[in-house]
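In order of appearance the chains are A, B, C, D and E, and numbering begins at 1 in each one.
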Amino acid sequence: MLDAAKTESLLEVNNIEVIYNHVILVLKGVSLSVPKGGITALLGGNGAGKTTTLKAISNLLHSERGEVTKGSIIYRGERVQDMSPADLVKKGVIQVMEGRHCFGHLTVEDNLLTGAYTRTDREVAKDLEMVYHYFPRLKERRKSQAGYTSGGEQQMVAIGRALMSRPETILLDEPSMGLAPQLVEQIFEIVRAVNEKEGVTFLLAEQNTNVALRYAHYGYILENGRVVMDGPAADLRENPDVKEFYLGMSDKGRKSFRDVRSYRRRKRWLA
Amino acid sequence: VPNLSYRTGPYAPGGIPYADGFNDYFTLLNERDGGIGGEKVVNPECETAYNTEKGVECYEATKGSGALVYNPLSTGITYQLIPKVSADGIPLYTPGYGRTSAANGKIFEWVFNYPANYWDGASVAIKYLLDQNGGDLSGKRIALVYHNSAYGKEPIRTLQELSKKHGYELIEIPVDHPGQEQKSQWLQIRRDKPDYVLMWGWGVMNAVAIQEAANIRYPMENFIGIWWSGSENDVLPVGDGANGYKSLAMHGTGMDYPVYGDLKTYVYDTGKASGAGDQVGSVLYSRGMYAALVISEAIRKAQELAGHSAITAAELRNGFEALEITEARMAELGLPNFGQPFAASCADHGGPGHALIQQWDAAAKKWNLITGFIAPDDEVLTPLVMEDSAAFAAENAIAERCN
Amino acid sequence: MPDQLLYATEAALNGLMAGVLYSLVALGFVLIFKASGIFNYAQGVLALFAALTLVGFQNGQVPFAHLINAVFGTDLHHFGWQLPALVAIVLTAGVMVALAIVIERYVLKHLVNQPPIILFMATIGMAYFLEGFGDIMWGADIKKLDVGLPQGLNETIDAVTFEAFGYGFFIDNLDIVASVVAALLVISLTLFSQYSKQGRALRAVADDHQAALSVGISLRFIWVLVWSIAGFVALVAGIMWGSKSGVQFSLSLIALKALPVLMLGGFTSIPGAIVGGLIIGMGEKLFEFFIGPMIGGATENWFAYVLALLFLVFRPQGLFGEKIIERV
Amino acid sequence: MKDMTEGYTTADGRRIGPVLMEMKNITLRFGGVKAITDISFDIREGEIRAIIGPNGAGKSSMLNVISGFYVPQEGEVWFKGYRRGPMRPYQVARLGISRTFQNIALFDGMSVLDNIMTGRLTLMKSGLLNQALWWGRAEREETEHREKVEKIIDFLEIQAIRKTPVGRLPYGLKKRVELARALAAEPKLLLLDEPMAGMNVEEKEDMSRFILDVNDEFGTTIVLIEHDMGVVMDLSDRVVVMDYGKKIGDGTPDEVRSNPDVINAYLGVAHD
Amino acid sequence: MFYREAGDFKTSYADDSQTFPIRFDRLRYYAVVAVAFGVIPFVINDYWANAVFVPFLIYAIAAIGLNILTGYCGQVSLGTGGFMAVGAYACYKLMTAFPEVSILIHVLLAGGITAMVGVLFGLPSLRIKGFYLAVATLAAQFFLVWLFNKVPWFYNYSASGQISAPERTILGHPVTGAATTASAKYLFCLVILFALAWLARNLTRGTVGRKWMAIRDMDIAAEIIGVNPLTTKLSAFAISSFYIGVAGALFFAVYLGAAEVGEAFGIQKSFLILFMIIIGGLGSIFGSFAGAAFMVLMPVLLKNILVGQFGWATDLAAHVELMIVGALIVIFLIAEPHGMAQLWRLAKEKLRLWPFPH
């Protein structure tokens, strides 16, 4: 297990604010530190600002009329805010976007190959085999247009595509969404494997807190555009509030979804 | 005298020299003679881009500032201005274009289109061909390649009437704006092998047509364009292939006229030339100059009639109506044998409608006049003018004047 | 052969050739659409601009002479040199690349991820701008363009067909040159887009700007690349059309002739542009030739569109276009 | 075995009615790909019927068949005792079948309120002229329907975002709005395609509550696709399991959970 | 702090679906209407009427029409010029065939006829989408223009194929023909625009509008939730064409007075109106007004500044004007792709928050 305090941090997000459309303030001062070679989880409810944070890091905000108005983002000691996403990928940071975003008209295989766009080495074919090894389903569908594959298959394409770029850091936005349970485990196994074997750093935004905290080393909980809690994953898992609201556990173990019918308000850390 | 010109858009190559000639002549009058009858002429230019809406805007923008006459060089804008000028009482001068039946002054009080109009042109062309064929065109086939617009359609009626009279067969071949691609039209000509081809074109269509004619080896001397299809712009891009192409002309061209001496001294050399100054002497430049000349003469006449020099638009109308330009006067103005003499009257706003034929000499890059002024066939034309103007009168409830 | 058939064949052949000329313009559209999903209305003006620049270089015209003269009261027009055609073409190609860079820098870059119609409108805005700019730079008068391409009746074909059928076919030399050039262009562009890494990236960009960014494709590079190529294609189209009709504003209106070609062939297919051009060219010429005289002629403008429309009703993505993905 | 023709009452006292919809031997192919192979199952009135299976098994395709967007090459769809002929999707919607989508299909250019109002389009009757003049029926109708929609908005607790354009909403709220839109049509049969994807436990709990309430209060029959086994097992009455386009299991959650084929193909480990 | 909307105080749903839910907006709207009807007619002169107001009013009608089709229903059309021509020629034929009937009726009938033609050309939209459809509508544009040019019946067999509007009156005042006063022209167009804008507003806020928008945003989903794509798209084509037809009729009869189809209703017109709605804002009635005002005023303004103030040569000015118009369009699109209407909304949003940002 990685000790966050001891390893150098690869990515530093310092107190950033993000505004969409010049009026909608979404992030209100978020600071993160992602250690090199670690798996860091970004947790939080709908609209907490996870996606926005990731996009701010990978500089994809521009195309959505959003901008970072305050704070700084440092990658390996270098300010990366003003870099183009392409340059950032060249530096080794790649994002897997929420909601799949496959290239619908390209075949599955072509989709995966676009992931290798920035690479110049000759091992692309080998990595393609590796992805197919991870996701056999994709191999079956390699010649079909991605636009016609099922939701889960597209998710696999999106993740596989990122792996193809041999990144140093992967920003994963909700990788488990829409995947069958055993595949969710599998994906996190892949994350762990890639992390351990190749030393790839992960920052992942997840709703599936349960799995995320099992695989991550460190976690941040975001609410309403602010970081409300952070700590090593193991600690977070034991936190009673996290247990109740993010893991769905009560004192008596997991409760049935049928039983949560009565009205109940989520406890807020910030009023 | 506002100059509704167009120096942009698809027809700019035609609009530029015309506007330059128009402006330069007035500049000459101002510089040399101090204006007309002591009054300087200002001709604010207004860009229409050959577009009717901009034409309206230009008209409205300039009419308030004491505009005396309009000359929009666009059939479309002319049609639109006819009712407006009639209501506002400003003359509209459309030499060689516009609404042909405006020649009937009894109906079109405010519109003048002497010295010649489209129908005259059509008739003159046929006259010329009659001449070439010993007075007999029966059994001949004549194709009309025309710009598929109001302008291009003008001669059709006349040519149809004339074909009844002379027994030739008319083949109508329209070309759509802008006329970049005319393969099928010219293949049709190649197949049908008409004896003669007439053309009512404007803009890029002319050059393409002449090019295609050259491509299919159509005998150039049998190919005659209207005066709007007979400028350097139309033949130069074709190069040698255009050699021998003929077109009608209302006036002479080239720089062999005394007036250019004055223009050089007073306008070009003083840096007052309009535009880039590179159009001098071209066909359309000459035409613009000619239009300016006629207008200035009308102004002179109007001043004479009114007895004072600062005339109004209505007084200018009288000048137009009483205008008479003789050859002697033309010579005096430095343009001997340039245009035809004519005299207007209350009923006649159209002039005699004579025209010349010119032929292109590609080697010398020069138009040569090959005939003298040829008169149109008024026997056929007059009833047509009457008919069309009567229809206009009926539609707009206008009573005849001059009776 | 009976006469009618001969005429028809001749018209059809000429139609095919005219179609090739349309295709040259359509190709530029396809490239840009494929690469960015932008429907580039400015392609026609690009061709005009390229042709103007070419003539300007060839004749040693002083750019912006008109403006300079107006401002400084000078009387500049020509540098007084004549450049060989090839040099002028290379220089013009350079200008087109510079233009591509400018367009990317000042327009496209700011419009990432916008809906297609916005991008389309932006290209119309660019068309206006370029039109005014080209006019100021080189003047609005008509210019003769001559890079030494042969023009006019091809004697050999005329003679051979006369031998064979007793009627010599008319084929324009310029059209023959155009066909050869078009074939070369199409083959090389197809190879480029099918088999290169950049080709795949182009298609990715067209599908989803953001996702393309996220995998590290530099939109900037792709766009400059594609617009440069499209500029080059525009130059070729400009040369062909300019040789035919002189260079002036109307040249930009050939874009309208390319649209039905595009529609029929499919917006995303390079071979489609050629096949579409051939079908449209032949269709409209035959129609104008045989049916036109019966209904008053000048049918070419709309017939091409109606023909393309008919095809679309059966194949909404054009003959070779990528299928429009409809899923929920 | 309970009496399956006339319906039965569940352990917690809900009434399950007779068969509402029956899929008979459905086969759906896309070119060479067989998305669904000879699948039959039924849906009873008032029940919550789950469809589960690995990714690409053909679940969403099955929903598309039900809602008329895909036309199967073989097989019959029976609804309320009649065989459904070939129908356009909008006609199916008018039968009282509405749905949500796996990849959210909201109308991005409209506000939340307008989106939900579109759900009621099949119920609104005023004509074009009426609308244009905004007189009488049109205005009255608008107000009436607005009231109903407000109830749904209250019910799903999305009052605060009523006027927000949906494009700006975070994923989870979009899903909720989609549910609201589907509910607004007052459907007999509600099809939900992964309504809880991208939600955390708490939000899933909320969503479960909504689904159960809809089922309870309006007696709406629900077909549910979901990958969260906890949710599926807790909510549904019966579960169909698909794999590679084939049906590999069908029964109550308990039956399915212990079906070795299902464990093998989908669950991986036995879920509790 | 005058811009106030603190909380939602509406007590009835009818109130809530008002056109201008905010009081200040409502007041401003009344003020604009009052000036438009009560002040401008008395001060307007020929230049302002013909160069600015009348074209603005007519283009606003056309822009609303196109906005219904493109902005609300998502079907991009480049056939606007052709449809305007239908309106113009229909109006011309009616005016000359039934001189005794009121011109107002003619104009509306012309709209009706255009609506039918629009539906006809809208049929392919059921299969063809996006830019393919846009290009396909050019078929309508070119075919209609050709038709009116070729068939002499349409232009009453006049020699050149031009049509000219005879004089017609309303309540004794001429509204077409040369004798029309500036204020009569203006008022005639204003009344029609006002009525049509109001109808458009009603249509777009109710069921029909929602159907259109649903089709626009995601046609498949719309069909699955019960929107019949056939009737919805065709109704959009019909209503949009009605507006465009009315605009065409007015354009010819009131504004130009004479028209030649290829020139007045060519493809440039289609682009111009498309520009208006895009710069103004797709899917916004206010945007149609703003866009029309912008595209009408800007060239006039530029020209007056460049030629009138700086005294540039007209050709130079015209070229620079083209460049500026082009550049402004691009700049606008970059600044706010959703048009002036959105700029306005954002400005209001900011104002509402003022003086506390965020």
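Keep this in mind: contacts are C-beta pairs under 8 Å (C-beta built on N, C-alpha and C of every residue); 3 or more make two chains touch, one makes a residue touch a chain.
Protein names from UniProt, one per chain: A, D = ABC transporter ATP-binding protein; C, E = Branched-chain amino acid ABC transporter permease.
These numbers come from a predicted model, not from an experiment.
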item: Neighbouring chains shared between chain D and chain E, ordered by label; value: A, C
item: Centroid-based (C-alpha) most distant chain relative to chain C; value: D
item: Relative to chain A, chain with the most remote C-alpha centre; value: B
item: Between the pairs A-E and C-E, the one where more C-beta pairs touch; value: C-E
item: Chain centre separation (chain B, chain E; CA means) in Å; value: 37
item: Rounded Å distance, chain A centre to chain D centre (Cα mean); value: 29
item: Approximate Å spacing (C-alpha centroids) for the pair chain B, chain D; value: 75
item: Shared interface positions of chain E, touching two or more other chains; value: 146, 149, 220-221, 224, 313, 315, 318-319, 322
item: Residues within chain A bordering two or more other chains; value: 148
item: Multi-partner residues of chain C (at least 2 other chains); value: 66, 132, 135, 140, 296, 298, 301, 327-328
item: All touching chain pairs, where touch follows the definition stated at the start; value: A-C, A-D, A-E, B-C, B-E, C-D, C-E, D-E
item: Of all residues in chain C, those that touch chain A in their complex; value: 112-113, 197, 200-201, 203-204, 206-221, 268, 322-323, 325, 327
item: Residues of chain D touching chain A in the complex; value: 12, 30, 33, 53-57, 60, 102-103, 168-173, 194, 197-205, 208-209, 212-213, 227-231, 234-235, 266-269, 271
item: Residue ranges of chain A touching chain C (in the complex, touch as defined); value: 58, 60, 62-64, 84-90, 94-97, 101-106, 110-111, 113-115, 117-118, 145, 147-148, 161-162, 165
item: Chain C - residues contacting chain E, complex; value: 39, 66-67, 70, 106-107, 110-111, 114-118, 120-122, 124-133, 135-136, 140, 256, 259-260, 262-263, 267, 295-296, 298-299, 301-302, 305-306, 308-309, 312-313, 316-318, 321, 324, 326-328
item: Contacting residues of chain C [partner chain D, same complex]; value: 327-328
